[in-house]
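Below: a set of structures, written as structure tokens.
In the two assemblies presented below, chain A is common to both, partnered first by chain B and then by chain C.
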Partner chain A sequence: MATLDPTPKSFAEKLQSVPKPVLYLVLFLLAALPLFFPVKLPNKPIDASIDFYAHLMQLPEGSKVLISSDWTNSTRGESMGEMEALLRILMRKGIKFVVYTTADPQAPQVARDTIRKIADEEGKAGGYRYKPFEDYVILGYYPNGEGTTSAINNKFLSICEGKKDWPENSPPRDVLQSPVLQGIKSVSDFKYLIMVTASSTNTVVLERVTKAPLMFMVTGVMVPENTTYYASGQLKGLCGGVKGVYDLETLMEDGLNVEGPHKVLSEKYTDVIPGFPGKQNAGKGNAYYPSLHFALFLLILAVITGNVGMFLSKRKGA
Partner chain B sequence: MTYNHDLAVLSVGAIATIGLYTILYRENRFYRFFEHLFLGLASGWALVALWTETLKSLWWDKLVGASASDGNSAAMGYWVYIMLLPIGAMGYMVFSKKHNWMSRIPIGIILGLYSGQQFNAWTNRYIPQMAGTMKSIIPTAGFFKPDPNALNPALGPVKGDLYGSEALNNLIFIFTVLCVLSYFLFSFDVKNKLVKSASLMGRWLLMIGFGAIFGTTVMMRFSLLIDRMFFIWIEFVKQGLFHLK
Partner chain C sequence: MELLAQLAPKTFWNAPNGSSELWVKIIIAFFIGIGFFIGMMNVPTQMRRPIVFTVTFVSGLFYFLFWIYPAPINKAPEDAPRNTLEAFSFWISDSQAVVADLTNIIASFLIGLGIYSLLRVHLGKIKKQQRDWQFSVVLIVSMLAMILFGYVDFYMRLDPANSKMAGSGYVGWTFWQFGRDLLFNGLLQNMDAGMFSIVAFYILSAAYRAFRARSIEATILLVTALVVMLSLMGLVEFYWAQGVDSAHLSNNFKLDNVARWLRGNVQTPAIRGIDFGVGIGLLAMGVRLWLNLEKTGSAS
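Take a look at the complex of A and B:
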């Protein structure tokens, strides 16, 4: 039979032993409530995000980029927001793209769904609706990331041989027949290789691709590592985590060096780089950023509470 | 897709999400069921993708060739691709006590290919970082960088000039690099007080770095939770059940 503890807990002990279910409940509430009441938090985009945005916006219409989409639903919270922001920019600028993955067999389908969603959204908003095979091609999944990435750098078309993709309402066709791949002979024919990644494929690409400039969209946990690559100039732009997505969405709304109530300034770029005011720019970055602040506030509060409790109990003991 | 189909998909997703979060309360069968369901789905998907996205397109189709159809041109088969089958199959000999030596052949080929890439890989990854570390610490202009938004463009920063504040940043960077490198001087006994102090500082700076990395890790985990909350409350309840925007 269980015995009851005769001595009640002191205030200091209570502070150190908040029940886990209570903490989880508060965390769930704090993470969920701001989703119902969207607020626009002030934001100053960081240089890495500004570079990412500016490089994309400076591409002429009809340019082509290669996208390595190495994420699945397990990192939807960050990677999907990044992919959506990227796709909105590419589709509005009329940039065609080729997608491949070396990370996960599920990644091509996740990318396909996201592209379809944003293409439909742009189409409904009165813009051009991107069509598979005509405006973008999905090469699919490749095992052996090291070998495939070396092949991409040395003989890009070799990875396309034998691959098929689905044009709209048609059976699959050889990807080499797609208009997107016309004129592409080497990876250097792409303006950028953009990675949307949640895995270590970032270093595989960084180590092997030398013929195309690189830009990465990574999860929050990968930001410290990739910041060193950005600082050394190995990456032309970097978008990291929810903050990176929020930066891109801010830039898409306000532009860069554009006069207005929320002017975003950059020392690097003297030109005015417009945004897309009046369009659907707010995505997952705007939706998640306030919740993230609330959750981090709870974490800091919990750390302080625990430490105050420990300090009080030590003082009492002394 | 119909509304009912979309709602059914959302409902399954919401139930699975709640099922997986019940582990926070305690280990239970509801959680176990969805965990195994997820593992089964992922394995099944990977198995199909292994054939459709890899073996078929990259090996089988090249081996047998294809006739012209649906806009695709005919392709000749290359029977030499059959040579890959025994090499790949040898990998499975690792399960045989008698013939497991054969598995070392494909492993050796993979190791050889990988090792051959490493010199280039290392160079591409680290040499630009070493070059990036060589930063100037001697300013060539005033301390504070002028406002780039100054009304008079002549008052803005001059390209190529290193301002005092930037030089200070570079100095902190180089100091950090040197201190952290000195922490890893394991090959000889360090007695010099200066190097010892730098090493101790290096340890502290590493801890600050690890703290920052841990902070971003926590932030990422929170983002994943927020996304699940968004899925349940906004996508499923608000938009799916109540059709609210």
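Take a look at the complex of A and C:
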């Protein structure tokens, strides 16, 4: 017959054995409540995000960039925020773009929906509404990332052959007829190859694309690995995770080296790089950063609690 | 060699999109492909290894030469080679795009292979009414529904009369568009996001139970991780920096500066070292596979 252990747990044991459901409930509350009660937290953008923003803002109107959109909704908390911030900047600057993907068959549709959403948002706010085929073109999905990425570097137009995209209110047309691809002969005709990725396609691009400057938008867990490429100069800018999105949104709101109550200073850039004050700059970064903030707080607290419990137990046992 | 020549201008190896010539060529290629598969399946066992070795070696050799051989710079389509060396350089550069297309086609076969494998396993499970066979029914019905709604929606959008469907909103949508939207955006995408978000709970639980300062190494790791995590918290960083004079020595101990130092002087060199080791290992493995020296997993 089973008996209950009458010995009550010591304080140290209690600290080391907080029930999982309690931890999960606290995490759920800390992550969910800021979504309903938004708070504005102070932020100091990191160098990698500042570089990313500054390079984009220095592009002249009418420039073209190539976007590798290798994410789906499994990482939308980070990747969708990155994509939205990127699109807002590109659309406000009048930069045209070409989107392709090598990571996931779902990715082109997810990118298409996100672009349409931001284009509608900009149009409603009184700005220019980007039109498919005229201002951006989506090449679709390529199952073999290695070969396709080599072809992008070697002969960009070869990956466009036979591909079609939907112009607005029209059946699909050959992408080579799109105004976006006029004047493009090589990947070097793009100002940047910007990769929004949640998978290992980042290294494939780093290894194979040598003719266009690269900038990456990656998930939080990919930041350490990609920081090595940013530090070496292979990446001109790096936006990582929710913090990176929040950095971009902060820069879009306050600008860089712009006088104001929340002046963002940079040691690297002496020029004033304006933001887009008065526009819809707050996106998923502003929405999700408080959740990340409080979740990190809980993680730190949990680790400290467990360790304090362990030390108290050791002391008692010694 | 015309097979691997640049396909624009048009050659025997391609045809205009949507033309009957293209369809005839696709059908011929399909039957040749089926014949090839049947032939490969009937090859004697002792011949399979040399075939695999030859295909692997030739494929590897192509990319080896592509990367190692001097590539033409700013080559225009009308440029002609001046000698054999340049001719080879032009050929390999032009061929790579076609090889990339071939690899895309081969990779696409994996989707068909995946569907075949999925159907074989789960239909068998349903037929034998094995444990949890109901989940197999859900899986197959979901897959077929997604394929059906996806393709019907796609073909409807090809019709110029339905062009308004491509715009924003639900203009001109029918049952098929709403069905596709429900399945893709309403269910699949949200389940995708939901599954991934669960990871946060496991990370918290694992960190709480396993992240303990049991040794010097673990303590260093723990403290470093805490500093980096704290640096990601804007509120902590803000208050930590209050009152610090940027010209004073204490400026070095501002959270963002400590985190930057850790990233630049500890994390980055460590990852570079690991990546370098992994890279050398991959190179060695690649050479072994290319030259058929790797025996692991092959039939003895």
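To be clear about the criterion, the second predicted complex is superposed on the first by the 315 of 318 C-alpha atoms of A that agree within 3 Å, B and C clash if a C-alpha of one lies under 4 Å from a C-alpha of the other, contacts with A are read in each partner's own complex, and residues count from 1 in each chain.
The criterion applied here is as follows: a contact is a pair of C-beta atoms (placed from the backbone, for glycine too) under 8 Å apart; a residue touches a chain by one contact, two chains touch by 3 or more.
Predicted, not measured: the structure shown is a model, and the values here were computed from it.
Enquirer: In the superposed model on chain A, is it clash or fit for chain B and chain C?
Expert: Pair status: clash.
Enquirer: After superposition on the shared chain, which partner residues are touched by A:Thr219: those of chain B (first), chain C (second), both, or neither?
Expert: first
Enquirer: Could you say whether A:Ala31 touches chain B, chain C, both of them, or neither, answering first, second, both or neither?
Expert: Both partners, chain B and chain C.
Enquirer: Which partner does A:Glu78 contact after superposing on A: first (chain B), second (chain C), both, neither?
Expert: Touch status of A:Glu78: first partner only.
Enquirer: Going by the contact rule set out at the top, does A:Arg173 touch chain B (first), chain C (second), both, or neither?
Expert: first
Enquirer: Please indicate which partner A:Ala287 is in contact with in the superposed arrangement: first for chain B, second for chain C, both, or neither.
Expert: First partner only.
Enquirer: Now for A:Glu161: first (chain B), second (chain C), both, or neither, which partner does it touch?
Expert: Once the two structures are laid over each other on A, A:Glu161 reaches both partners.
Enquirer: For A:Arg315, decide between first (touching chain B), second (touching chain C), both and neither.
Expert: neither
Enquirer: Answer with first, second, both or neither: which of chain B and chain C does A:Tyr142 touch in the superposed model?
Expert: both
Enquirer: Please state which segment of chain B collides with chain C in the superposed model; the candidates are 23-31, 59-67 or 149-157.
Expert: 59-67
Enquirer: Which chain A residues are contacted by chain C in one complex and by chain B in the other?
Expert: Correct list for chain A: 20, 24, 27, 31, 74-77, 105-106, 142-143, 146-147, 150, 161-162, 170-172, 174, 224, 228, 231, 292, 295-296, 299.
Enquirer: In the complex of these two chains, what residues of chain B are touching chain A?
Expert: Residues 24-25, 42, 45-46, 49-50, 53-54, 57-58, 61-62, 70-73, 113-114, 117, 120-122, 124-125, 128-129, 131-133, 145, 148-149, 157, 209, 212-213, 216-220, 222-230, 233-234, 238 of chain B touch chain A in their complex.
Enquirer: How about chain C: which of its residues touch chain A in the complex?
Expert: Against chain A, chain C makes touches at 6-8, 17, 63, 66, 71, 93-94, 96-104, 106-108, 110-111, 157-160, 163-164, 166-168, 184-185, 188-190, 192-193, 195-197, 200-201, 203-205, 207-209, 211-214, 222, 226, 229-230, 232-235, 237-238, 241, 256, 260, 263-264, 267-268, 271-272, 275.
Enquirer: For the complex, which residues does chain A have touching chain B?
Expert: Residues 20-21, 24, 27-28, 31-32, 35-36, 74-78, 80, 105-106, 108, 140-143, 146-147, 150, 161-164, 170-174, 177, 203, 206-208, 210, 219-221, 223-224, 228-229, 231-234, 241-242, 265-267, 284, 287-288, 291-292, 295-296, 299.
Enquirer: So in the complex, which bits of chain A are touching chain C?
Expert: 18, 20, 23-24, 27, 31, 41-44, 46-47, 72-77, 105-106, 109-110, 113, 116, 120, 132, 142-144, 146-148, 150-151, 154-155, 158-159, 161-162, 166, 168-172, 174, 224-225, 227-228, 231, 243, 246, 289, 292-293, 295-300, 302-303, 305-307, 310
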